[in-house]
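For reference, chains read A, B and C in written order, and residue numbers begin at 1 within each chain.
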Amino acid sequence: MDLFGKDFICTQEWSLDELEAVLELAARMKRERYSPRWTSLLEYKTFLMFFYNPSVRTRQSFETAATELGGHAQFLEPSAMRLKTATTAGETVEDAAQVMSRYGHGLGIRILEDKIGYYGEGDELLREYARWGSIPVISMAHDKFHPCQGLADLMGLRARLGDVRGKKALLTWGSGALARSWCSVQEFLLVSSRFGMNVTMAYPEGYDLDPAVIAQTQANCAANGMTFEVVHDSRSGYDGADVVYARNWVTPQAYAGGLLDKKGEIEKAFQHPGWITDAERMRKTNNALFTHPMPVDRGHEVTDEIASGPNSIIYDVAENRLHVQKALMALTMSDKL
Amino acid sequence: MDLFGKDFICTQEWSLDELEAVLELAARMKRERYSPRWTSLLEYKTFLMFFYNPSVRTRQSFETAATELGGHAQFLEPSAMRLKTATTAGETVEDAAQVMSRYGHGLGIRILEDKIGYYGEGDELLREYARWGSIPVISMAHDKFHPCQGLADLMGLRARLGDVRGKKALLTWGSGALARSWCSVQEFLLVSSRFGMNVTMAYPEGYDLDPAVIAQTQANCAANGMTFEVVHDSRSGYDGADVVYARNWVTPQAYAGGLLDKKGEIEKAFQHPGWITDAERMRKTNNALFTHPMPVDRGHEVTDEIASGPNSIIYDVAENRLHVQKALMALTMSDKL
Amino acid sequence: MDLFGKDFICTQEWSLDELEAVLELAARMKRERYSPRWTSLLEYKTFLMFFYNPSVRTRQSFETAATELGGHAQFLEPSAMRLKTATTAGETVEDAAQVMSRYGHGLGIRILEDKIGYYGEGDELLREYARWGSIPVISMAHDKFHPCQGLADLMGLRARLGDVRGKKALLTWGSGALARSWCSVQEFLLVSSRFGMNVTMAYPEGYDLDPAVIAQTQANCAANGMTFEVVHDSRSGYDGADVVYARNWVTPQAYAGGLLDKKGEIEKAFQHPGWITDAERMRKTNNALFTHPMPVDRGHEVTDEIASGPNSIIYDVAENRLHVQKALMALTMSDKL
C-alpha cells in the first residue's frame, strides 16, 4: 500500500485498509509520542496550511503534528491572496497550486460555510487544488467533510469499546447558539456506518443533511448488514445506544441567501430548546460514551454533568486529532516511511 | 528544586531560590547561547502563545527562545476562538485549557487593558487557564504583572552593578502619548524591592498604582530593612539614585468607563509635560543606570541623550528577555534538565 | 569574498562576483535540496520577516527557505508595532532595529506602495533598518526593488538559455486589473542589463518607470556594449526577442494623491486592452521564453496558451525564489559556510 501523495478529502474515498493503516500508525505514535522513529519523518519539510476560516484547535493540532514529525507547518491566511473568481481578477488555482507544490510537501485547507457562496463550493476548491498541485491536499474541515475528525472519533471509540462493529451510534442534533457546519457530523455518519455500527440520527424536522451523504451512510450500513434509522424526537434515539454524538448543525436553508444566515439559524435553533444531552436521556443508553468534535456549547448541546462525566471522551478525541494527523502526514508526505 | 510544570504569573509567587535558579540558568545561556546543552531541551515540543494583544518584542523574544531550545512556538490569536463569556455562547476555558494541554508543553498568554472589561480580569483569565490546564501558564504581560520583564530588568542591573542590595532604584512616571499598562512598572516594584533595593516612586498626584502591589512592595522593603518612598515631584527622587526606571502609565480612572479611555489618558498625561528623564536630572543621581521596558517614547519619557547614552541598558535588558525566557521555558517545560 | 552580514536591497549594489556566488550556491542547493551540507546552516537561528504588505508566495518561499536551512522564520506584521512617524508617537527604527539584532540573524522587509506615502519611502525605511541594525536586511520586495525576484529570473533564464550575454530581453507592459508595483520590473531591467542582455522596453505613453533605474539600465547596457531601447507599441518589441517578460505596472501618477489610487490605475490600464502577450506576438520572437514574477493576471497580461505553454518558465522561476533565498540567507547569515 502506497499512500505517498494521496489526497485526503473524505474518508469515504479511501479504502478500509488504507484508513486502518492510518489508525494503526496513529495508535503507535500515541504510545511512543516522541520516538526517534517519527521525529525525523518530515525533517526540513514544510506543510502549508491554508486557513480560509480561523481555527484554534485545528491549527494547534496540525502545527504540533508537523513539529513532532521534525517538520514545519506554515500558517497561511488566503485572504492575502488575490485569487481569481467569477467576478474579480487574480491568480488562478492552477498557478497557485503548482507553485505551492514547488515549496511544500503537503497542503491543508480549511474552508467553511461563511467563506463560500453555496454548499459544496469549498469541496470543489479542495478538488481544484488537488487537480493542479502535485502534493497531497488534506482537508482541515471544509463545507462537506472533516475526515481527520472522523478518524479521531473512531480512534476514541475504539480505545474504550474495542471493535465498534454491531454497536449503536446515536448522532443527535443539539440546540445552541453557534450555527455549526455539517462537516463533522457528516463525516461521523460516514465513518461510523463504514466501520460497522448501527446508526441512528435524531433531529428536528427541517434539519436534513446532504442527501448524498445520507444515501452513502445507508449504503454503508446495508453493506455491513447494519441498520440506519432517523427519528425526529429528542429522546427515543438514546435507547440502547453505545455512543452518543451530540452537535448543533444548521438547516439546509442556511445558504438560501447566498451567505450563511447565522443570526437566523441561531433563532431557529432556539425554537428547539429541549434538544440537549442530559443525564436523564443518557440513562436510556447502554452506558454510552459521549463524544463531540468541540468546541462544546455547554448548557445547550449537552449538560456539564455529561460533558465532564466519566463517559465523556471529548478530550481524548481532541488529542487523537494530533495522532491521526501525524500518521496521515507521515504516510502521505514522508519519503522515509 | 523542581520547577517542571510551575506557572509563572508574577515573580512574587516564586521563592527567591526559584527566581535565582532562573537567573543563574539565564546567565549561562547568555554566555553560551547555542551550546548543545540547551538546543535540544524542547526538541519537537510546542509552546503555545496566546496573544490577545499584539506585540512585536514579546513575540520575537518568546518565539526565538523556543527556536533556540530546539522547540517551536505557535503564534495564536484568540480572537479566532469563540470563548464563552457572561453574555455570549462559546467554549469554556475548562475545555480549551484541557485540550491545549494535550498538544503543547507550555502556554503563554498576553492580555492587556484594552482587551478586558476591568483591571484584574486578565489576571483572572491566566489563573483560570492555570486551574484547568496541566501545562505551565506563563504571563507574556497581562494587566497586573509582567514577570519576564521583571527578571530581565534585574539581570540587566546585576550585569552592571553586581549585587543590587542596598542600591537605590527610582521608578518615575513619564509623560507620553502611549497610555501604558501598569504591568511592567508593578513588576519592577516587586522585583527591585524583593531583591533588596531601596525603592522610590515619583509620579504626579492621581497616578497611583494598584494598592495591593504597593503594599507588597512596602512589605518587601521592610523585610529587607530597606526604605520605600513616594514623591510627587519630577526631580527630588533622582537624588543619589543608582537606577532610574522611567515609564508612562495610566491613571486608575482609565477603566472607569469599562474600556480603556486611551485618548483621555493621553490628554491627561500631557498636562504633566515636565516629567522627562534628562541629563540635568540624571546629574543628581549616583551615576545611575537608565532602564525602560521599551518601546521607549523618546522626547516624552526620556531624552535621546539619556536613552542612547552610555548608562542606558535598554537594549541589554531587551536582550535579557530572550535569555530569561529560555531559562524559564527550560525549567518549567523540559524533561531533559 | 565575505558576504556575512551584508544587506541585500538591490542587486545593483552587489558586485557581479558577489551575485554569481549567490547564483552558484543556489544552483547547488537546487540540485541537492536536502543535503546535510545545507540543513544545519541556520540551525536554531531566527530570520525575522516584516510584512507591511501581505504576500503568499514571498512568505512561503522565505519561510520554507529558513526551514530547509534548519532555522526558523518568524512571520511578523508590523501593524502591531507602534512606530514613530512624523505625526504620531511611537518607537524609533533606531530602537526597533537594535533590539531585533539581539534576537534574530537576519531581517526581511516587504513594503509596497499602498503602505507608504510616496515612492521611495519604502526604500528609505529598509535603509534606516540597515543603518541601525547589525544583522543583514533583505528586501522581500519594496517600492523600488525586488532583488530576490531578479536573481530568480536570471537563474530561470540561464537554465534554458545558458549564458544570457547578447540575448534580447523584452520587458513589456501588460493590461490588467491588479495595479502592480514597479519593484519586479525595475529589478529585471537592472539584472538583465547587468548580465549582458540587450534590453527592450515596450509600454504605452505615460507608463514611465523611475528615471534613475532607466539611467542605470542604460549605463549597464552601455558598459556591456549592448543596446537599450524603448518602444511605445505592443508589437514591435517582440521581434527577435529571446525572452519576453510581461507585466502590468502603474503610472507615475499613481501616488499623486499621497496614497495609491488603485481604482484609477485599473481604469487607466483598461484603456490599453491590446497589450497582451499572445501566440501571434510570440511568433515574431526567436522562440522566446516567457517569464513573469507572478501572480499572473491571465487573459490580461498574457493568454493561457502562452502562460501554460512549453516556453513558459514561470513555475521554474517561482521555485528559484526558494533556492536563491536559501543561498542568500546562508551567505549573509550563517557562520558555518
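Please note the rule applied: a residue touches a chain if its C-beta (ideal position, glycine included) is under 8 Å from a C-beta of that chain, and two chains touch if they have at least 3 such contacts.
Keep in mind that this is a model prediction, so the values were computed, not measured.
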TODO: Specify, for the interface formed by the sequence copies chain A and chain C, whether it is same or different in terms of residue numbers shared by both sides, with half as the dividing line.
DONE: different
Task: chain A on chain B, rotation in degrees - Cα superposition, rounded to nearest 5 - done: 120
Open item on the list: What's the distance between the Cα centroids of chain A and chain C, rounded to whole Å?
Closed with: 41
- [ ] For chain A, write out the residues touching at least two other chains, lowest number first.
- [x] 72, 75
Task: Residues of chain B that touch chain A when the two form their complex - done: 43-46, 48, 71-72, 74-76, 78-82, 84, 88-92, 94-96, 98-100, 102-104
Task: Residue numbers on chain A that touch chain B, as the complex places them - done: 34, 39, 54-57, 59-61, 63-64, 67-68, 70, 72, 75, 176-178, 294-298, 300, 307-308, 314-315, 318-319, 322
